[in-house]
Amino acid sequence: METVHSATPLLAMLASLIGAFLILFTGERNRNLREFWTLAAAVIKFGLIASMLPYILHGKIVEYTIVEVYKGLFLQFRVDTFGMIFALLASFLWIVVSLYSIGYMRDLNEHAQTRYFFCFALAIFGAVGVALAGNLLTLYMFYEILTVATFALVAHKETPEAIKAGRKYLAYLLTGAAFVLFSMAVTYYLTGTLDFKPGGFVAGHGSREILSLVFVTFMIGFGSKAAIMPIHEWLPSAMIAPTPVSALLHAVAVVKAGVFCCLRVILYVFGPKVLSDLGLWIPLAFVVSFTVIVANIIALTQDHLKRRLAFSTINNLSIIILGAALVSHDGIRGAMLHIPFHGFMKITLFMCAGAIYVKTHKEFISEMEGIGKQMPITMAAFTIGALGLTGIPPVCGFISKWYLCLGALEAKEIIFLLVFLASALLDAAYFLPIIYGAFFKKPKFVKDHFDEASFFVVFPIVITAIGSIFFGLFPDAFMHFFKLAVASAKNIMGMGV
Amino acid sequence: MISKWEDLIIETLCRFLIPFMQTYSLYVLVHGHSSPGGGFQGGCIMAACFILLVIAYDLNEAKKRFKEKINVIFCSLGVFIYAGTGWACLLLGGNFLDYGKLSLILPTDPIKARYYGMASIETGVEITVMAIMVSIFWDLVTGGKHEEALEEENARADCK
Amino acid sequence: MISHQFPVLIVVTPLILSFFVNVVGWWDKRYCVPIVFVALSVSLFSAIGALEAVIKHGGPIHYHLGNWQPPWGIEYVIDYLNTPILVAIAFISILVLIFSQRSIEKELPESKIPQFYTLFLLNVTGLLGITVTGDAFNLYVLLEIASFSAYAIIGIGERGADFSAFRYVIFGTIGACAYLLGVGYLYIVTGSLNMADLHHLLPKLYYSRAVLVGMAFFLVGVGIKMGIFPFHTWMPDAYTYAPSTVSALLAPLFTKVGAYVMIRLLFTIFEPSFSIKLYPVAEILGWIAAAGIVFACVMALAQSDLKRMFCYLIVGEMGYILIGIASANRLGLTGAILHIINDMFMMACLFTVAGAIMYKTGDRNIYRFRYLHRKMPITLGVFVVGALSVVGVPPMCGFFSKWYLILGTIEAKKWILLGVLLASSLVNAILFFRVIENAYLEPRGEHAFAHDGGHPSISLDEVPWSMLIPMLMIAAGIILLGIFSGVIIKHIIQFAVPASF
Amino acid sequence: MLEQIVSRYNYWIYIILILIGFYGMMAKNNLLKKLIGMNIFQWALILYYVSIGAKKGGTVPILSEEAGSPFEHLKAIQCVNPLPHVLMLTAIVVGVATTGIALALLIIIYRRYGTLEEDEIIEELRR
């Protein structure tokens, strides 16, 4: 593969870092300027990342080395097809969420907005860094920055519950990071390198036992961020955060970074061959299947809208990991496609929840009956997102789920096919009642009357909802997610399409 | 010891003794390189003179002869002489304290120059040791209060 | 020509000027700080020059004081191990000096300021001397110079400082005497005091019991001075009650210089074959380190006084360095040496922040930090950088040294030490996020949406720039050291590790 | 065994002294007594150093110019080893300085707390 040396990744990273500090220094004195910085940094960053897309589509790799740390160990950006998917997703959705946060924060007149926007920019800095990182060390660096920056966002409300949620978040994620550090160090000790390689680089190093141990600790470490079932507890608690943060947490940065890291480890560190040789994929697949089913069942019981969405997220994240764990060609393709597509759909849902909250201060599903007539645009967008997550065409969720199911068939694992199908069914079971209630039931209190939220809130919702359908119809348009996923799967499995 | 305790015999004896002690101190200093002795011992003897003076007369009287400010300067001066010699060697192109190089400015051969360099350093040591000893004694006598204690004492004496 | 004199200039300039400060300060106190600044700048310049010379020369450079040839004369040696530490000491002490001006004005009576700066400079002289000297006995003298000045400037602190300073005197003297005894035993068997000479003479005598006893005394003495676990009892009190500038000077530098002496001792005076293979010194140090880290973590969690918490943190950080030594391989020792430098910056950062908070609020209790982020945003920003570095978040420097330490323990297959390292960074996270939470978050009722609703209006009240700039420079140093740790290792530290590893 | 002890009596003395000093430092409640213990500790060390340089029938290693060429008269084997003694000059200075600082601290402590008993001071500090 051809390598292009270019400082573009560094510039893209610096855009949000400098943006973050401009936000901090501007502060409360000039709100418009501060929010201008947010948007400017977001747009510049997306532009810079998108400018690398042509190289990537031509099968090249963009590389930039910051500094050498030790023999064979660099702080390095290396943009490949898979990283590109996540970087495009994160940087594009940052624009959308920025717009949305401006509206949301102003409508609610929230406190400490400067800190909010600063940490938000830092979190995106971390997330895109994770995407562009060329090796585990760099990835770990941005992973930690992301963790720390998100802490302030989770605890943003500063109520006792919010602070408790923040602590829980840190406890889970920093413990996870310690596991990652351990496994990373052992990996480096065994192989002498940490650079990602499609198809993995640990093959032939270390005994079976130690590789299995490292894989397990890796999965515990990154799995804490990806909310795999026994260690998912922080995610529903973190729902206390403001809605744009939840949107960011779920759709874009944090959990997606966790899943992204898991996939990096599964596909680019260990590789399908080692996984199937050592039989490591089977326990992983069963754990995530368990997560899928249980999370869905718990979601059915939740009345708090954001908590229900949170469990839906846990479910979808595990679906992505399951797709990769099946080590089949189509499964990987589906998993990679599901990252951006789920991002678009889930962010729509969360922003809708936020819009409802801004206008009505309602958080529970049982209170939302009849709201569809009062806020038609919002609820229409919500419907699109929900249908997409259930896997109904023409919304983009269908495509990724289709490939995931194909992957299960390709791997000849009918049981996991059933898991995919069951999850789709359960998705429908907890989303459709919301839609039904919103549009076809009468509001309990007739005197409540609400309009749509402000332009800044509604506009991003519309964009992402349209995006969800658009990518369903033309999966390869605009950002070329489909082509990128296909290319990654091809590289990893090492064969033609 | 701060206030005066008049005793003719002691005072006279001190007047008689102190010059001899000071001379002896200088003797110990100068013969430091070829026989037991040197700056440290000489300095202690020199400081003993001062202490004797205070014991025989009083602090006020001693202060007239040897001010505290001067003591502080002496304390640093010794170090300067020491380090200055070292620096002179440095400037003359040798290593720090390489007295041999002093022969370039002294009218002697390098071996003798070492002798003089050492003497110079010992002088510095003597001055510093003397000053430090005196200031320790000063601290002890006034209980760490220095001038303040003296003024208090004088005020009390005036009242009487 | 002057470049040959760098090793001695590093020490002698501050030594002379420290007395000069005393005299000049008698007339006018305003000249104290500039003089100290000049002295330390010369030291820093010389240290950088020495570093450059060592890199150019590619090996240790010996400097004979008074042109007396070793082993008779005193020898100063600059090599890959001590020059980076010298640079760090000089750099941090300059920053602390700039920081100290306002803080000292507030905490000390005006008449004591010249004496304070005299002692300040003497202390730095001692520390620089310990690092640069190549003579075992000279090291003792310089160690005591540094210790005396430390006793004295700790003693002028707040209530309780005098008593803890006295305790420090007792402990410090035991440490110094134990070190001196160690030197004595080695002198009996070899007749030499020069480190390089000892290194050549000792291998034939490795089976002598006197050498072993000497080694044991050495370890105890240096251990007390560097405050490792069972010998740390003097440290929390002394550094907590000392004036904030003093703890900002001593806490980063003194214990780390002790750690440097430990490495010198084990790998320059003795050979790794003795200190690692022949006797299980590394093993013992490893267990001490593990116990110390666990103890320090528990004790730090129990503290509500910010400075006291940091003091226990130092005990833990010393444990990290010992872990690096105990893993007894190239990676571990690289980590230990890197951690000495990194920890200087981290502790300087934390203690200057504690000093700044003391300066403005007069309080160090972390449960009374509420609303501090409105009052002193920059100070707290610096604190966050330092905290993240201690926790081990890249790209701060703390992560990188920890990374090498972890690799070292893996290579040595010391899994318990590895576990302790990882667990302690988690405890550090708890420690620091406890402070960050108290300082940044403002707990409020469930439904308070109004901007600043219901909270006292607290306006910006930041410490003066003369304190902020050094703090910001240290913070920048932490990040730069982190990003360029690879460069430092590649050009300097990898040569500092004994070749037999 | 006995011979061993007797022939190396200097070491035994220094060990006993050091232990006495150590006991004083650790076990005494009065800070001044602690300080005295510390002094015993230090001087024991000095004694040890001086004794290792000593030699039966050794002379002072000083060149005397009257006796012709000094090197013929002065054999290294006849002299005591001056180096430990010189080192101890420094160590004595160090010891004096330590004692001075400790005494100064004790004066401050006594002024502030009105006592030198350790337990009383700690109680006072806790208050």
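Here the chain labels run A, B, C and D in written order, and each chain numbers its own residues starting at 1.
Here, a residue touches a chain if its C-beta (ideal position, glycine included) is under 8 Å from a C-beta of that chain, and two chains touch if they have at least 3 such contacts.
All values derive from a computational prediction rather than experimental measurement.
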Farthest chain from chain A by C-alpha centroid distance is chain B
Starting from the mean Cα coordinates of chain C and chain D, work out the distance between those two points in Å. 29
When centres are defined as mean Cα positions, the distance from chain A to chain B in whole Å is 78
Per the C-alpha centroid definition, the whole-Å distance linking chain A and chain C comes out as 42
Just the number, please: Cα centre separation of chain B and chain C in whole Å. 37
Expected list for chain D, residues touching two or more other chains, is 104, 108
Among all the chains shown, which pairs meet the touch rule set out at the top? A-C, B-C, B-D, C-D
Of all residues in chain B, which touch chain C in the complex? 69, 72-73, 75-76, 79-80, 83, 86-87, 89-90, 93-100
Listed in rising order, the residues of chain D that touch chain C in the complex are 22, 25, 31, 34-35, 38, 41-42, 45, 48-49, 52, 83-84, 87, 90-91, 94, 97-98, 101-102, 104-106, 108-109, 112-113, 121-122, 125
Interface residues, chain C side, partner chain D - complex: 137, 140-141, 144, 148, 151-152, 155, 159-160, 162-163, 165-166, 169-170, 173-174, 176-177, 180-181, 184, 187-188, 193
Give every residue of chain A touching chain C within the complex, in rising order. 66-70, 73, 75, 108-111, 115, 137, 140-141, 144-145, 148, 151-152, 155, 158-161, 163, 166-167, 170, 174-175, 178, 181-182, 185-186, 188-189
Which of the residues in chain D end up touching chain B in this complex? 60, 62-63, 65, 89, 93, 100, 104, 107-108
